[in-house]
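In what comes next, chain A is part of two complexes: it sits with chain B in the first one and with chain C in the second one.
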Partner chain A sequence: MEDESFLTDDFLRQLINVGEVDILVGLPTHNNAKTIGPIVNTIRSGILRGFPRERAVIINADGGSRDGTPGLVTGISIDDMRPASSLYALRTLHSISTNYGNGPKSGVALRTILAAAELLRAKACIVMSPESANVQPEWISSLLWPIYRDGFDLVSPTYRRHKFDGLLMTNLLYPMIRALYGVRIREAYMPEFGFSNRLGSQFLSQNGWSDGIGGTGAELRFTLAAITGGYRVCQSFLGEKKHIERHASDLVPTLRQTVGALFSALESDFPVWSKVSGSQPLPTTGSDQELLLDPMRVNRKRLREMFSTGVAELESVFQVILSPSTLAELQRIARLGEDDFQYSAELWVRTVYEFAASYQKSVISRDHIIQALAPLFRGRVCTFLIENRTGSANDVEHNIEGLCLEFERLKPYLLQLWKSRE
Partner chain B sequence: MPLTTDPLWYKDAIIYQVHVRTFHDSNGDGIGDFQGLEQKLDHLQELGVSAIWLMPFFPSPLRDDGYDIADYYSVHSSYGTLEDFRKLLESAHERGIRVIIEMVLNHTSDQHPWFQEARSSQNNSRRDWYVWSDTDTRYKETRIIFLDTETSNWAWDSTSKSFYWHRFFSHQPDLNYDNPAVREQMWNVMKFWLDMGVDAFRLDAVPYLVEREGTSCENLPETHSILKDLRRKLDEQFTGRMLLAEANQWPADLRPYFGDGDEFHMAFHFPLMPRMFMGLKLEDRKPITEILQQTPEIPPTCQWSLFLRNHDELTLEMVTDMERDYMYDMYAASKTMRLNLGIRRRLAPLLSNDRRRIELMNGMLMSLPGTPIVYYGDEIGMGDNISLGDRNGVRTPMQWSGGWNAGFSTAEPERLYAPLIHDPVYGYPAVNVVSQRESEHSLLRWMQRIIAVRRSSGVFGRGSIEFLYPANHRILAYLRRLGKETVLVVNNLSSSAQAVELDLRRYKGNILIEMFGNNIFPRVGDLPYLLTLGPYQFYWFRLRRV
Partner chain C sequence: MREMIISELSQALHELARGFAHYLPRLIVMLILAFIGWLVAYVVKVVVRAILRLIKFDRLSENAGASQLLTNAALPSATEILSRFVFWVTWLGFILLGVSVLGILGLQDQIARFFLFLPRLFVAMFVMFFGLLAASFFSRAALLAAVNANVRSPRILSLAVRSIIIVFVLSVVFEELGLAEQTMLLAFGIAFGALMLGLAIAFGIGGRDLARRFLEEKFVRGKKEENEDELSPL
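Moving on to the complex of A and B:
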């Protein structure tokens, strides 16, 4: 472990009292009091139903909540002082909490959870999102069993989502990771996931926690570490994932956590991804993706306007990041009317690859590069919404598959850009 | 060593359960007998027991190991004579050992003359001593206890062309306690043995005495009334005698058997026992503390009786389905180890012959509130023979030595009532009293030591209990208090070393004296008291202000 001192004495004392466990559930939180109650109750129910005999603990890594979140988590412990009234438990179920700082830092939270898992020698672990409004007890088993019983190292979830939910996943992360790493993992940036102690310990031992990994995007780095490390990865279908409304201003932080983490990983992972061609499906329990087609109100016009405005305002930035032909094409479509607007798959893939290469070259501040991608992503989303407005689930899947193949087809272009960098 | 005159002697007792047949054969017929048992009283005295509980020794066809009594006023000829029993009683009393005998109130053997008379005709004067019916549909809400062998609580009697009621085997017809003559007769039986000097009865299967339509026919008020009447007679006519209830029930249902101190003196705490095994396997104190939290207060003159194993299967009636499945998987992986709703194994094999676990379980047995019962042979870690049917696998001959027939009998081996344990781990050459007596660190020596320590303080038999709840759930810690004496017990249920912090601030200034070695531990201060315990280790500390 790089540095164990980041765990507080109080947390260590709690871990000593918990002792070795079979099952560990990590729960990163920060001011989640409004949602956390039902979630922890569901987690507890999932453990008692699926793993009644196993030694289990819920570890809450909290970023300094001021709304009483940790108390809500620890309050669901089952022990001989506080027997569960409606649930019967064969053994003690611990729920402990530690405060890792002031403000949410997903990397620090994950690191805390991984360290606890290693110290407690947990056989199978999961991390649960504190925001998943419709988490079901069965999710616990679905994420844990492949680790506990079947020897997998990483269980990535798949969901039943609305066709316009998770657009960053369908338009960038999934197709790009698939093309580069050769693995068809639908939710590489995982709200919930399961992992083995073997994988957790290996990831924990990596250097860079104090800067890169420990910042944002640790979850995605974790997925990529599993893939590049040759660990056994699978997917498990959890069911419907309720859409969480995000404010438009959330996009850039999300891009930092996901695309930024991916771009950052490409450098160290180059020896791996540069040798990969094509892609392979992952072992998957249940469906690998299901789409809901209910009508959803989306302001496409606003997206297109933000795209056009961005292309105009950030021209000087794009001149550094993008090739002249790509920029010219973007400027051309930015001038198109609503009916004619189309941000093609090929142009989008070229855009993303050129951004990735520029990120590696650090042509400008890497954070500015990520920020500059935001308006372009909105433009691509606008096209995706138009193309799939009336599409069936099969149609949407077909279009996503087409985009994936485009990312795979143009992978040599990325390699070419990479080599030109060298 | 004379018997104490304390009427509450049972609170401080160490009870040793033994079947006459299994202990020692004095006449070489292959069957243990009263004289043989008498010859081995020294062993029990050395062990430190203060009472022996004898399983049924009455005349019987022995289709249920003597619980099918055919004559309540005599002894089975295989075990000797009534005079032999009297001598055993005297010898035991001379050693300060009381004698508890079985009394099967609920039913007789179908070979008992009472039943033979009752079935002879529907007009017989003893007909109403048993429970008869023209149909087998009465008392339908009543569960069947021996699920593996019985399909109904009614059996057809072809002689009198009617059904008779039986809660256990069909060859054990239930007596009819609605009949005053039966009640009077059974008191006369008890009085017969009390007059002889017997100190206590273990009353078998007491919840089932009375039947009422629309009920479970268990724990009925009418049954309690009958038991209270027996107790009243006992108190009126005798002093210092004791009644021990066998009622395999939940604590709340058991509580009425103590009445207001006017029914039973003692009752087995059946639900605790499986939870001790469960807590050990789970490495979690929760099952133990939970059941003891649910255990109601009992009158001050009453006492729980605790045990780890006995002559029956390790009963799992008083656990949930989930707990039962867990116990089966953990302790009886092979289905041949299971019987009815239980596990037919001895203590040592149940605990994988792990000395540390055997010691820990005995440590809890001796320190939790109640009077401990040690099953014969468990003091040396005897094994079992699950190839023998029913519960006979835990009733094999006592292993006294590595010599002929384990020193149990001079008979030819094939004449023994049951085969000896021969396997390499538990066989008599490896596990026997003689060799363990010679070894300072044997289980037998350790058992003698822990019993001596237990008997050195009244706190274990009579003191209150207060659980500490350290955050480490693998540690079961409690305070036993009696008057000014306080003992701290700390048990590590885990297979790994554990650290535990105990909140003992209210005992600030006390030092801890470890009771086995009498070593002094650091003084209690303001900070949580830190202890480390090895795998399955336990401590008994006497708190002393110096």
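Moving on to the complex of A and C:
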């Protein structure tokens, strides 16, 4: 371990009291009092149902909640479950909490959970999101069994989603990671996931927790570490994914913790991804991807306007990041009317690859590069919405597959950019 | 009379010759110093240029917006200008050292003052460069934030941020150089005050609708406008 001293004495004392465990459930929180109660109950219920004989612990890594979240996690007794569910555990189910700082830091929270898993020698571990609105007890087994029984090292979830849900995942993260790392992992940025102690310890021992890894996007780096480290990765279908309400202002922070983390990882992973060609599917339990087609009203006009405004206003920034031909093409489509507007897959892939290469070379502040991607992403989203407005699940899948293949086809272009700018 | 004139002339010539003999070695020393100075300055220039290229100073200058200013003024790159500046300062230093060897009265004070002024000049240049860098960084940050927040006329906001920082930097630079301190202080006060007043008026008038919309969205539960908020990126 790089540094154990970040764990408080009190937390270490609690871990010593727990002793060794078979199952560890990590729960990173920050002011989640509204949702955490049902989630903890569901986790306990899932453990009682699937792992009644195993020694289990819930580790809550809290970022200084002021709404009593840690108390809610540790306060729920196992006895609260029994009258309703008639479930019995043969072992004590511990629940302990630690405060790692003031403010949510996903990297620090993950590090705390990984350190606890290593100290308790947990055989199988999962991390659950405190923001999932519809966690089911079956999710616990779905994420733990592949580790505990089948010897996998990382279990990534797949969900039943609306066709317009998770557009950053379908339009950038999934196709780009697939093209570069050669692994068809649907949810590389995982709200819930399972991992083995082996993988957790290896990731924990990596250097750079104080700067790179410990920052935002640690979950994505964890996934990439599993892929590049040659660990056994699989997917497990969990069911429908419901989010808590998000706002437009969430886009830039989301880009930072996902795209920023991915671009940053490309630098250190270059020896791995530069040699990969094509992509392979992952072993998957249940469905790979299920799409809901409920009608959804979205203001495409606003998205297109924000794209056009962004292209016009950020010209000086794009001149530094993009090639002249890509910028000229973006300026051309920014002038098109709503009916003719189309941000093609090829142009989108070229844009993303040029952003990645510029990020690597730090042509301007890296955070500014990520922020500058936001209006262009809105433009791509607008086109995706138009293309799939009336499309069936198969049509949408077909379009996503087409985009993935475009990312794979243009991978040599990224390699060329990477080398030419050195 | 004739002898007296000849005597005076020969004495004058003698004194001239003595003066020349007195100054000639010093002049030679000065010329040698100037030559050595040129060599040292040239080496320093080459080294500085290599270091600046190694640390990609031109890119830094480009980020600061200084390169654009130089291009507009048909000047060479920032690396070239800085290395030439170092060359001239070094060579001038040696020349002035040589001049001081001549022992010309009054000139020594001027040379001493010049050498005392050099650190201030360097500090002023340092402040100017990093001030431009800061102005460029923060104006771009403001531009990106404004574009992503869908604020109207984001370039004006960005320009305002850049202007405020540059005005502030210029006032610090002039104060450091000791040039028209009072005038600059007054000019800075007037320019900064006018800018703030202008922004306050602009926000007051232009922000009415924005404030109303914000308050309506915050407190009035009406029909929810369809927008991208319903789309989750993850």
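Here is the rule we use: the second predicted complex is superposed on the first by the 409 of 422 C-alpha atoms of A that agree within 3 Å, B and C clash if a C-alpha of one lies under 4 Å from a C-alpha of the other, contacts with A are read in each partner's own complex, and residues count from 1 in each chain.
Definition applied: contacts are C-beta pairs under 8 Å (C-beta built on N, C-alpha and C of every residue); 3 or more make two chains touch, one makes a residue touch a chain.
Given the structure is predicted, the values throughout are model-derived calculations rather than measurements.
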item	value
First, second, both or neither for A:328, with chain B first and chain C second	neither
First, second, both or neither for A:52, with chain B first and chain C second	first
Chain B versus chain C as contact partner of A:20, first or second or both or neither	first
First, second, both or neither for A:336, with chain B first and chain C second	neither
First, second, both or neither for A:133, with chain B first and chain C second	neither
Touched chain A residues, chain B compared with chain C	C
First, second, both or neither for A:365, with chain B first and chain C second	second
First, second, both or neither for A:92, with chain B first and chain C second	first
Touching partner for A:310 - first (chain B), second (chain C), both, neither	second
Residues of chain B touching chain A in the complex	278, 282-287, 289-290, 293, 320, 322-323, 326, 467, 469-474, 494, 496, 498-499, 501
Complex interface listing, chain C residues touching chain A	59, 62-63, 137, 140-141, 143-145, 147-150, 154-155, 225-234
Touching residues (chain side chain A, partner chain C) in the complex	164-169, 189, 191, 243, 245-252, 254-255, 258, 296-299, 302-303, 306, 309-310, 313-314, 316-317, 320, 363-365, 368, 371-372, 374-375, 377-378, 381
Touching residues (chain side chain A, partner chain B) in the complex	13-14, 16-17, 19-20, 52-53, 55, 79-81, 83, 88-92, 94
